[in-house]
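First chain written, first letter: the chains are A, B, C, D, E and F, and each begins at residue 1.
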Amino acid sequence: MYGPDITFLGVRRCDLTNVDTYAGADVVIVGAPFDGGTSYRAGARFGPMAMRVDALRDLIVLDAGDVEMYSGDAVRSIAALEQAVAAVAAQGAIPIVLGGDHTIALPDATGVARHLGFGRVSLVHFDAHADTGESAFGSLYGHGQPMRRLIESGAVRGDRFLQIGLRGYWPEPPTLEWMAGQRMRSYEMTEIVARGLDACLDEAFAIAVDDCDGVFLSIDVDVVDPGMAPGTGTPEPGGLTARQLLDAVRRCAYELPVVGVDVVEVAPPYDHADITALLGNRVVLEVLSAIARRRGDVPWDPRQPLLDGR
Amino acid sequence: MYGPDITFLGVRRCDLTNVDTYAGADVVIVGAPFDGGTSYRAGARFGPMAMRVDALRDLIVLDAGDVEMYSGDAVRSIAALEQAVAAVAAQGAIPIVLGGDHTIALPDATGVARHLGFGRVSLVHFDAHADTGESAFGSLYGHGQPMRRLIESGAVRGDRFLQIGLRGYWPEPPTLEWMAGQRMRSYEMTEIVARGLDACLDEAFAIAVDDCDGVFLSIDVDVVDPGMAPGTGTPEPGGLTARQLLDAVRRCAYELPVVGVDVVEVAPPYDHADITALLGNRVVLEVLSAIARRRGDVPWDPRQPLLDGR
Amino acid sequence: MYGPDITFLGVRRCDLTNVDTYAGADVVIVGAPFDGGTSYRAGARFGPMAMRVDALRDLIVLDAGDVEMYSGDAVRSIAALEQAVAAVAAQGAIPIVLGGDHTIALPDATGVARHLGFGRVSLVHFDAHADTGESAFGSLYGHGQPMRRLIESGAVRGDRFLQIGLRGYWPEPPTLEWMAGQRMRSYEMTEIVARGLDACLDEAFAIAVDDCDGVFLSIDVDVVDPGMAPGTGTPEPGGLTARQLLDAVRRCAYELPVVGVDVVEVAPPYDHADITALLGNRVVLEVLSAIARRRGDVPWDPRQPLLDGR
Amino acid sequence: MYGPDITFLGVRRCDLTNVDTYAGADVVIVGAPFDGGTSYRAGARFGPMAMRVDALRDLIVLDAGDVEMYSGDAVRSIAALEQAVAAVAAQGAIPIVLGGDHTIALPDATGVARHLGFGRVSLVHFDAHADTGESAFGSLYGHGQPMRRLIESGAVRGDRFLQIGLRGYWPEPPTLEWMAGQRMRSYEMTEIVARGLDACLDEAFAIAVDDCDGVFLSIDVDVVDPGMAPGTGTPEPGGLTARQLLDAVRRCAYELPVVGVDVVEVAPPYDHADITALLGNRVVLEVLSAIARRRGDVPWDPRQPLLDGR
Amino acid sequence: MYGPDITFLGVRRCDLTNVDTYAGADVVIVGAPFDGGTSYRAGARFGPMAMRVDALRDLIVLDAGDVEMYSGDAVRSIAALEQAVAAVAAQGAIPIVLGGDHTIALPDATGVARHLGFGRVSLVHFDAHADTGESAFGSLYGHGQPMRRLIESGAVRGDRFLQIGLRGYWPEPPTLEWMAGQRMRSYEMTEIVARGLDACLDEAFAIAVDDCDGVFLSIDVDVVDPGMAPGTGTPEPGGLTARQLLDAVRRCAYELPVVGVDVVEVAPPYDHADITALLGNRVVLEVLSAIARRRGDVPWDPRQPLLDGR
Amino acid sequence: MYGPDITFLGVRRCDLTNVDTYAGADVVIVGAPFDGGTSYRAGARFGPMAMRVDALRDLIVLDAGDVEMYSGDAVRSIAALEQAVAAVAAQGAIPIVLGGDHTIALPDATGVARHLGFGRVSLVHFDAHADTGESAFGSLYGHGQPMRRLIESGAVRGDRFLQIGLRGYWPEPPTLEWMAGQRMRSYEMTEIVARGLDACLDEAFAIAVDDCDGVFLSIDVDVVDPGMAPGTGTPEPGGLTARQLLDAVRRCAYELPVVGVDVVEVAPPYDHADITALLGNRVVLEVLSAIARRRGDVPWDPRQPLLDGR
């Protein structure tokens, strides 16, 4: 919708209204340029354009372009995106949705669940915020509420909801109590620092694959410290480093049966020298390369020297 | 809605749900932090906060704070703002609405027309764009369409619609034909340069006061050249200077029976050193001081030295 | 070369190595992403990408993409661009070259002169600087010297060289004397302010069409005041307004037999909110719309109201 | 003094000239918008406004607004602030001073010591610089000298002065020798990296509570790496991460008997997307929440999951 | 004081404590890096460094470097600068002071008046603000008060005080009445637009040379519109264009007996791509070239073509 | 070449054409303001000026100023720089070259090898990219190819080439195979995170000193995460922290026989608040202080408190 008509790293364009154009794909990229759900800074509508940067092998990756999402009509926009994601999932491809604000996690995970079954998809959620609010500005749909809607609808089970990187002074106690009542598992930055990120991920991964058929990965770029990811709408100091996020995402996509991904809250107006857009792009590339490795037959070891075996 | 709870220049806060708090006011400031209607860059939701800067006498000016406007629901937001503006107008005060994107001109002028009568208010419209589109992104409501909706509803007569500062490569011929069919009068920058801004204003003012009971003034800050007003969503090079806009607005509010004003499309994320926010603030101050002068009994002459008569 | 593979306003791509792809064109856009000639701030290599923004009728306009220009090899890059421009001109189309630094005016005007004849093309040159240096950093080729090379080679006659907008503290007297010896005509900003821009243009146009077969238009965006065009490499305060440049360029392309154009020195790293890139884009659009009008049969009058005759 | 009249997170305003307005408070916020002491970049005068952002329970927190501090008169400004801080401390409340440049640590810690006794307050000082200079620009008072003045006056004992995060190429040997002579304990970043931050804090805390009645916490935001805190006047690469500072400050306020705090050197003109202002705000919030936890009866463990026990 | 030790355009350094180093000079540049007088944004301390950019003939111009001015001590700093300016004037050279905030106009004009006689110097003052306040933040010395102090002391007669470019909503009526009582002549932007800048200057010049021995030129860069001069502390929309200021300053220095100059309120932290610093530099260069022309014997005509007579 | 004529931290200027000016030096700083080799963002030509900031003892350090390097002629510029570096090395001084883009590593290391012998210098290379490309834009010389040229010429042995910090999606497999064939040792960020940076350095140092007479240290600032070093041309998320780079560089210069250094790819147009320029400056200072310590007789221990032994 915004900016030049380019695809992610130049992959082939597909047309979601024509199944022939994406049948057989491994991954389909979908842009979701929506920021009508933001409670504070808008700008994430330009995230999909900013994250589509530069080559890929091993996987059949297509780009379906942006879904038409009018920021002034959240309900209609959510419905359109859910339909697009479900169409991709129905073909057995992994939808990767470039947001847009976090409102879109609702249609993203729901669209996948419509294919795999409600309650059969667990959710690994990197974010500074829990996004489990009841409502905001008089609306049930916005970037502070998608996780609540997903659990309420049954699309995702509360006890298969893994949140990584929370911090700050939200949510309020009643919301925390609702979250505890749903048996969500939320890892705050203090816990991550005290126990180590890898130990937390080990634990979370065990929950995510227990009695579930796939994992949806939802990555809010504000999980990273604002110093390394300034281009976002609701920055919260004290986050992961960019290196930590890239390594964690690589582990997720290599170790878990990922069935859908979204990368959200990249807001270019607040970025500097494109560093947040580049980070969003690299997060997607880590997902893609780790999925390809997972499907290959050579096990991956982070300690192996780059040039070994060549 | 966004930022600290301050009023425009520190004027008294009023509560639109309680008539006692604003009965007798000359002017009521209303914030409209909405940018769900933008077709390109969002950010104007922070415009009301940014324009509320620093003192006033002679007029009773109140600030009603921001109307709750969820950018993700344009229809509901427009209705809420129209009601607020109508409430102010019903008390005989002049509503000054700080936007927000230009979507809000629809409820702003309609709210005033509900008090003065449909077709009884003319509209003087400073803008780089005509904003007379039929629809965009599948919606009738957005920042490219308010002027069409106003004429279609009969709130404002097409032949009392005066547009100042148009330029660029929009709208398309069918829209221009619709505009001509409505007998709108649109002054492009080329005409303004060739004939002089004051000559164009003289002509426009004569039309505006012909068989109308009041004038609504709608000022899109992008009428000014982007060099002097970079903080806006759809910049178009080649506009008025800031000085020209201030002088023109002063003439409008001094020479015309202004019954409502909006100042829109100030988008702080794209601003530099607050210069666009300051310009928006000064536009409102020029309106206020000119209204006060109009109600006074000493005629104003721009050629008079500042210290004369003191 | 840099950024996504898009064309100017989405016009059809052509391939300069295949004449069939551009035979019959009215205009061919060529990108020249070169800034190896800059004596101060580089960055103009991103100018072509930044100026290719958004519709056209009446003319057949194609975009040949960027010529490969390695900033680390000026001589080779100049030769490649001259060949590209000459290929376009040989088909009777008007080349419009998006720079890049002003080094490229040498191959641009030379390429056109190779088709029309050396000395048969006059040059209208908007710039803050004369660009008539003998050499810099030990090189004859750079953004301070192209105009000297053009006159020395005989591609353009010195007495058909019209410079608009000069100011600042360069060049040194020996260079001024060389310029006077060539009978160049250079309009400083002080002369333009004192006499009026239109009077200066009237005079310049008369010289430009005297005993010449075509006019090359070279527009350095730094002719505009840095406040309205900050995204450039060697800003000089006190220039034209953006409005003045757009109106002047429109006059040139409507009143003169333009045979080639370049728009140079747009340097995005120094821009803010894209305002200089937008200005560069609008300069090209003014050229295109004025050429179309010139070929039409309805005379154009800047004083005519926009909606008249519709 | 600068910007709108808001309080920190909307807490109640108090008036330091009227004891009734702050008697019984746990904490009083005081703004110190002074940057006349800066030896390099000014701008910290806007720090108090920028750090007053967004709710609090458990503690009675008031905001006394800004002390009038004219940057052009350091001596008068220091005296006014010392009086304000002493007034707060005299009521048994903890003053939290939002600077301003680090000059203000002198009146801040002195004001507290006037209540608790000279030599009875230890000082934990997070900073990239030691701030123990003899004089600068002919003045004893400035942001490079407050710690020397505090020790010279006896307000704080040199051997109860704990500095965390020093790095860079200052101070010169004579100043280091003076510091050693005072038996200060300064932890450089290299020591912190080699030994671990928590080990250094353990050691420092033991010194801080030895034969002292309270701890003053002085946090210069430049202790954090400039990548995560660019909005400051004298940035020095190679600092703590934002996460490390937040965790360290939380430990200080939870484990130590804090009697006063200042957060200084937030300089908005050099910030980007407000990330440094947000960090300053979060530092204060960590202090407040940790003080509340310290007064509660449930011990805090960073390893405990967020939702446990709810 | 700040930044590398360079001189204005590389002119020879002189030492104000050694008369031999500047006896015989035509002009001496003095830096005044002081911003302790600012009531709003500081940053002008970096103005002198930013304005010292790049060649001169015909005049003996020296650079005395920066006077030590501690922003935290306005009274001491003012005294030091007045002494420096008086030393230069006593040698018959024209001091050109690079500020710094406008506080310094007090020592600048006083220093000159100490040489020429109190009441014998008129003052031409380009500014958006009158700077005639009684006091601010409890101090008589700051950037809002220098003009009052100059008239009160008798250094400059009120009826030889010419202010160009005033606008905005300050000062308050009592200050305006004081100004009128002093018989100052203040040209607001509205008067300048209505009558033309050259007509206003003609009138002002006649007053300035009536019964005075020299003219001090004080140029606050905020007289220019913030779009063209964003790097300043108290921007006010609707000012002169950069072109207008350069032409006006050239007229002043060519037509009037200038005996001292200051250029103030260039604040780099708020600048973009150095455009305001460049403007400040060009203002000084216009002064220098016009003084040289005034001393030459060839009359200057702005309408004369650049290359005529070479 | 660009900016004022200052030296690194004010050290004495030397003249490479006159051996007497630098005979006996320990270190000579050389500026290499070249960015004609960049394949993406230029701007590194301003790196040398930006990194020359602010005092040194113990070592004789001189600054030779900038070598004339015309970005439009890579071949000539490389030859000029190689000659300058060789001249310094021939006097037994350590050349420290401030780039400029990474193209210059070719003449830098070659210039040193001409003195010590081809194949006798090992190379420790901090970078996000391997810089071992065959060619780009039709040229063998550019910032993506220097390391290949160095190995091909025999100046540096492939099996003494240690690369630290690689990441991202380049180079392509054929280049990796070429690198493996040369027996280079490249440490990716994933390996560094998994094994620890110090363990990797221990291993690399052992290789570097095996059968070699000296070590050249080449530091591309993009090895650091873009959040902490945004001012660079080809940022890649997920890098070292600034602290890690400073500590690693200190270890290199303290533990290894360093014979030459370059610090490259600092590109000020993309920087914010000078943080990347400051980092480049601090990298050089760490090198200098560690060399001085290495030559001293007191062993250095990072765990030693700052004030111990004073």
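The rule we apply is simple: a residue touches a chain if its C-beta (ideal position, glycine included) is under 8 Å from a C-beta of that chain, and two chains touch if they have at least 3 such contacts.
This one's a predicted model, so the numbers in the text were calculated from it and none came from an experiment.
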Partner chains shared by chain C and chain D (touch criterion as defined above): A, B, E, F
Steps needed, at minimum, to get from chain B to chain D via touching chains? 1
Taking all residue numbers at the chain E to chain F contact, is the shared part over half or under half, that is, same or different? same
What's the rotation angle, in degrees and to the nearest 5, for a C-alpha fit of chain A onto chain E? 180
Report the inter-chain centroid distance for chain A and chain B in whole angstrom, where each centroid is the mean of the CA atoms. 40
Roughly how far is chain B from chain F, going centre to centre by Cα mean, in whole Å? 57
Shared-contact residues (touching 2 or more other chains) in chain B: 225, 227-228, 230, 241, 270, 272
Chains touch one another in the pairs A-B, A-C, A-D, A-F, B-C, B-D, B-E, C-E, C-F, D-E, D-F, E-F
Sort out for me which residues of chain F touch chain A in the complex. 166, 168-169, 173, 176-177, 179-180, 184-191, 193-195, 225-228, 230-231, 235-239, 241, 270, 272
Within the complex, chain A is touched by chain B residues 1-2, 35-38, 40-43, 45-46, 68-77, 103, 136-139, 141-142, 269-270
So in the complex, the part of chain B that touches chain D is made up of which residues? 4-6, 10, 52
Given the complex with chain F, which residues does chain A contribute to the contact? 55, 225, 227-230, 241-243, 246-247, 250, 272-275, 278-279, 282, 285, 289, 302-307, 310
